[in-house]
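Below you'll find a set of structures to go through.
What follows is a pair of complexes built around chain A, which joins chain B in one and chain C in the other.
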Partner chain A sequence: MTDPVLLILASLAEGDKHGYAMMEDIERFAGVRLGPGTLYGAITRMVERGWIRGVDSEDRRRPYCLTAAGRRALEEQTASLDQVLRTARRRLLRT
Partner chain B sequence: MTWRDLQLRMRALLFRRRAEEEMDAELRFHLEMQARKHREAGLAELEAGRRARQEFGGVAQVQEECRDGRGIRALETLLQDVRYALRGFRRAPGFAAAAVAIIALGLGLNTAIFTAFDAYVLRPLAVRDPSSLYEFSWTLPNGREHRATPAEFADFRRTSTAFAETLGFDMFFTRVEGHYLFGELVTGNYFTMLGGDAALGRTLTPDDAPAPGTQPVAVLSFTAWKNKFARDPEIVGKKLVVRGYPLTVVGVAREGFPGIGDLPVDFWAPLTMGAQLQGGSNLQRNRRGNIEIVGRLRRGWSPSRTKASLAAWAHQYTADSPFAEKAVNVRLLSRASTLAPRTATLAAMSSFLASFGLVLLVACANIANLMLARAMARQREIGVRLAMGAARSRLIRQLLTESVLLAAAAAVVGFGISQATIGLAVRLLYATTPAGYLDALNLVSLSPDVRVFAFMLAAAIAATLLFGLMPALQATRPNIMQAARGEFTTDFRPSRLRHALVIAQVAVSALILISAAILLRANLRIGGVDPGLQSAGVIELDVEEPLRERVVQQLAADSLVQSVAAAGKVPFMGQLPELVVRPAESKDRHRARFQMASPEYFAIFQVPLVRGRSFTADEARGDAGVAVISEATARRLFPDRDAVGRTFRISAPHGPGMPMFSEARVIGVARDAINGWIGDGTDSTCIYFPTTLHSAGTVLLARVAGNGDAARQRLDASLARDIPGAIDQIHSVDEILAVQLYPFRVVYWVSAALGAVALLLTLTGLYGVLAYLVAQRTKEIGIRVALGAGWGQVAGLVLKQSLRLAAIGTAVGSLAALGLARILAALIPNIPNFDAAAFGVGMLLVFAASVCAAWMPSLRAARIEPVATLRCD
Partner chain C sequence: MRLAALLYPRAWREQYGEEFQALLDDVRPGWREWLNVVGGALRMRVLHASAYWKLAAACGAAGMLVAAGLSWRADRRYVSTAALRMESPAGGAPSLDDTEQLADLARSIFSQTNLMSIITSPPLNLYAEERRDGVAIDVLARRMAGDIHVWRLAQGGLAVSFAYGDKKKAHDVVKLLTTELVEQNSRRNRMRMALWKQYLPQAPPPVLGTTQVVEAATLPEHPEGLHSLPYVGCGLAAGLALGLLTAATMRRPRAVLRMAGFAAAGAVLGWGASFLAPRTYTSTASLRITRPLVPMQTADRASVVEEFHGLERVVLNEESLTAIGRSLRIHLRPRDVRVRLLDPPVGFSISSSGRDGVVARKVVNQVARQFQERHAREERARAAGDPELAVLADRQLGVRYEFLDLATFPATPDFDWRLPMAAVGLTLGLLGAVWRRKPGYCQVNRLESR
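Moving on, here comes the complex of A and B:
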């Protein structure tokens, strides 16, 4: 899983958002500003993989939401990262 | 890629427009939000918009990234290329039509010959587990293949454990109720082992063969029942008289059951009927061993393991046999398809396939030249696209897409051509086969199957690569710097490649035409050879022994019949048998061929006796130790003296068809003739031993008045009416000769047709190159004419180019033909290693075609107006 994908999943875990809102949210919680190409390219790939899907909307804003598969993918990734972080902290404390 | 991925990609492809619109809307919204953020931060509207666009970056790049994310890039590009190619074809329909037609011709012809190859060699027989069926035989010290006698077959079944189950069969050709049929004598387990069910009645079982001659039953094939017995619903229980013996039809095999054999079988009878139908006193049929053994591999046994077991058995079985009958090797051939993959069969088929493949090569080279010319005309466009950053691979893919579309269309048309070719070939076969053998034509189904379609696909792909790849690679190599400077000239001329393609076409045409000329001259040689005997008006009759006397009496009384003779075998039908002789005054032993001949034989064929006399009736009746020898035999056995009166000893086992004496005195010398196979030419040796019209096992020969074929039919009808079942086969000797020559004629016709197609394609290819050359050098020619060059000089410019290409191609083709001629000389009789006249004819045809190809371009060049061309500069 690439960073942009993880960041987008994390952003959508809070609730449905359109692309611009995701970019703003990610910049706030991760300090990373994703470029439009990276953002929308990742969004397209994640829609293809079935991790997120577009929500029907009347206006030009097209919010996306997390699917059950996306939620599972996020849970797996966070658990894996969590394991890495705990190991790293433990080792740091020993030295 | 999973099924879900494929679904997503198909959906993305089908709803692409909607996806694009949504993406555009989203990106526009993103820009607006960014601009609003800047406005809220205090920037002016215009500045806010500019800042937002700056931060966003290239919209097109973002769109491309999104498209890449959909995973259908390749499909979208392909669709683009297809649309582009189709637009190009609409602009140049003549080019597209010509390309499709030429490739279709090559693909169609190749598919036609492959269909025949598939039907006979690749298609599994419609029997149970055909891939496990193998034919076993052993070879003798003289290299000949030995087939089992009934006793040997019985021993094999009893003592060998190499196969899981074994069947035996013996194929023969006979006439039943006026129809020529291929019959098989088979073991009782034949149908159960092969999984052959009955459509009517039942099939043969082991109970049908308890003891020799006890169960005269037969099973018809479905095809024979349909085509030769008019689907008679009452056929089961009827009697068919086969070689004088009535066989009761007990059933009809299921439709599509082919049996095992090199030809489709018409009926089956128990192998225990062999003595009645195949052996006995009939010399033509009482062959020492002719049972073909077919076994099924044991589970888990490989063919090599089975072969080793069979070799051990064969060596042990023949250990006590005379040296000449010992097994030195064994043969294990797959019987999965109609024709067993014998070396000779595969060699013949491969050479046909290769010849047709060469025609496809010529077609591809032709189209490659056209594609190259077309690509050259697009140099400006290609240069611009390369300058703008298009990858070379992308352009090559686009050009190849055009080739794929042409090949796909050509494959569809080519399939139609292949079916039409097959239909035409079958009709021609029936139209040209000698009339007396038409009934014996028994072809397997030539309908296409999955292998044929796979071949077409592979051939189309190969053709695409052959005619599309080279021009694509060549055309995408323009000089970028020139393009960058705006210099889109057509100076880039890949003439070397174009010329190489034309030379290749000329070489292949020369090769095929020289081969056709070699085969034609061989045909003329064989057909024109004087056989040394007059066969016109002589009819051969293969008589059922119990009725021989009645037939002889009827022939003697028939006003149509001028004279009757008897012989061991009819001339031209295969080689004469051999024995070993030793002149009485010499210790030298000689192998010599011999013919049993009644006293009337020499007169009936008008073979003159140059010394001495023919047999008397008493000598023939009494098995007197006398012989007439041919001139060549006299020169061999008695080189320095008159052969008449000399004696020689005969080392040969006595038996049916063999002389009954160990010593013979020469009473006459006959002019050299061809009594054996026509392809071998005049008999190198021939000793005539006496026989009579009444001797069992001989064929009768009747000289008739008038038209041979009409006489044959009349004679056949009268004998069938008066003595039903007396004649197994009846042919005119001329027809027998025609059938022997027929395969050579077919090979010649096919190679001549291929040569004509290849030459026509080469002609068009050469014409294209020369026309392009004239177009390219219009300015130069205009200048030459302005400086005083005449019509002849200008035309000579074009002609010289044409002849130069033809000369190189012909030289290459002739060198290849030299090698091919040696192969043909080894395979086909009457072909010398080097036939100068054939080479001359082939090369002349190619040169003549080259001159024709240069004609129009030369005229065009000669008509170039220098004022007009120089003004256009």
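Moving on, here comes the complex of A and C:
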């Protein structure tokens, strides 16, 4: 699973995080190290879609949080992935 | 790394620049991160609306540079020049008549038939590559005629130049052309004197000028001014098109693929349909109006032109053309044959177009023969009652219509429909793709591309 959008959504589902915190978290739970360009490319697209938004902060490192639309998108994607995984697992057991 | 971050669009940097910089400070960047940032910046620029044009402009500039480079390699032509003039035995500056005679002489030297023999002559072996590629010799002769320039000099006489990719060959061709001009004039003078002595021994001989080479063929050291502008223009257009296409493909890959499919299908259909389009072939011949005994003077030309127009009305009338058409078993209309007086009026050209090149050539030959026969008949009629003139008319020593260029056999059609029809098909395909677009397609794609 290397889709940066899904990885960021999964990371922010735990709570607000800034860019570097997201990178560290994603590396920890998915074993994928997102590059700065890839991370901010995905963040830009997700902000435009209204899935995440920046939280006001005094720090240079701006944290991001999931919006309601982002949560729905994550739920839809995980449901769809869940369906795929269950099917794959069932078929593997049959063979 | 800071410099790489500057590659992002300004609007993006204003919104995310500071936090992005903070992230770069936290990450210990290596070459992999650097490449990632550069890649991200380029992608952001392409997705950014104004970047669409920037990429096209960058590709256009690159195309222009490549085209300029290609023009430097492809378009190097050397021009050799020589100057000649007709000198009368009485001396003095050459008159207008002398220059006209020289121009008349040059026309026969630069005739298509003569140029074809120059192209294939072993020491010159011109346009060898094109001939190897199967380009017809008459097409190359026309091209060579376009590369030869003749102009009148202010001080009297003519200048001749030839442009070619090989400077030695350019020089050799001009040298050959000037030598032929001098020799042809000398041969013509000898023939005139011999005819004069034979048929008009009592009359004082005509004053005949000799052709002199005033300035020998130059060996050009540098190529002529490069014609880079058309190359650069094409490069710019191709680069811009490529840039726009690349940007559009990156933004909306599915829409571009769909349009490309429609365009390709349209182009193939157009190309196929072009084979059904009518093809016409044109054959052309040129005839000189000349006088073997004495050179034609400018003052004589008016009556010659008047007689030519009289003949034109007779030869090209409905009845005469119907007779020619009947002999060739075709329906020949007046608009199928065109006759044009040369400028200066030292001769005229006859051309005919039709679906069949062989038939067009036969038509031209028949019309030319009609002109020759009817003119000879009129010459004889004029000489009736004067035994001396009658002898000259019988031997065609008065004004004579003689072939300068035999009727060409058109190997290629006048217009090749393949490319224009393919272009029309391509355009219709593109329009079809736009018309068939689903509602809201652009919006959906825009979201997907994000």
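The criterion applied here is as follows: the second predicted complex is superposed on the first by the 93 of 95 C-alpha atoms of A that agree within 3 Å, B and C clash if a C-alpha of one lies under 4 Å from a C-alpha of the other, contacts with A are read in each partner's own complex, and residues count from 1 in each chain.
Criterion: a contact is a pair of C-beta atoms (placed from the backbone, for glycine too) under 8 Å apart; a residue touches a chain by one contact, two chains touch by 3 or more.
All values reported here derive from a predicted model rather than from experimental measurement.
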(request) With the two complexes overlaid on their shared chain, look at chain A and say whether chain B and chain C clash or fit. (result) clash
(request) Based on the superposed arrangement, let me know which partner A:Arg62 touches: chain B (first), chain C (second), both, or neither? (result) both
(message) Quick one: is A:Gly50 in contact with chain B, with chain C, with both, or with neither? Answer first, second, both or neither.
(response) first
(request) Check whether A:Pro36 is in contact with chain B, with chain C, with both or with neither, and answer first, second, both or neither. (result) both
(message) According to the stated criteria, A:Tyr20 is in contact with first (chain B), second (chain C), both, or neither; which is it?
(response) both
(message) Of the candidate stretches 384-392, 456-464, 654-662 or 798-806, which in chain B collides with chain C after aligning the structures?
(response) 384-392
(request) Check chain A for residues that touch chain B in one structure and chain C in the other, and list them. (result) 18-20, 23, 35-38, 40-41, 43-45, 48, 60-62
(message) Which stretch or stretches of chain A touch chain B in the complex?
(response) 18-20, 23, 35-38, 40-45, 48, 50, 54, 60-62
(message) Could you list, by residue number, the parts of chain B that touch chain A in their complex?
(response) 4-5, 8-9, 12, 22-23, 25-30, 33-34, 56-57, 61-62, 65-71
(request) Could you pull out which chain A residues touch chain C in their complex? (result) 18-20, 23, 35-41, 43-45, 48-49, 59-62
(request) Within their complex, state which residues of chain C touch chain A. (result) 12, 16, 18-24, 26-27, 29, 32-33, 35-41, 43-44, 447, 450
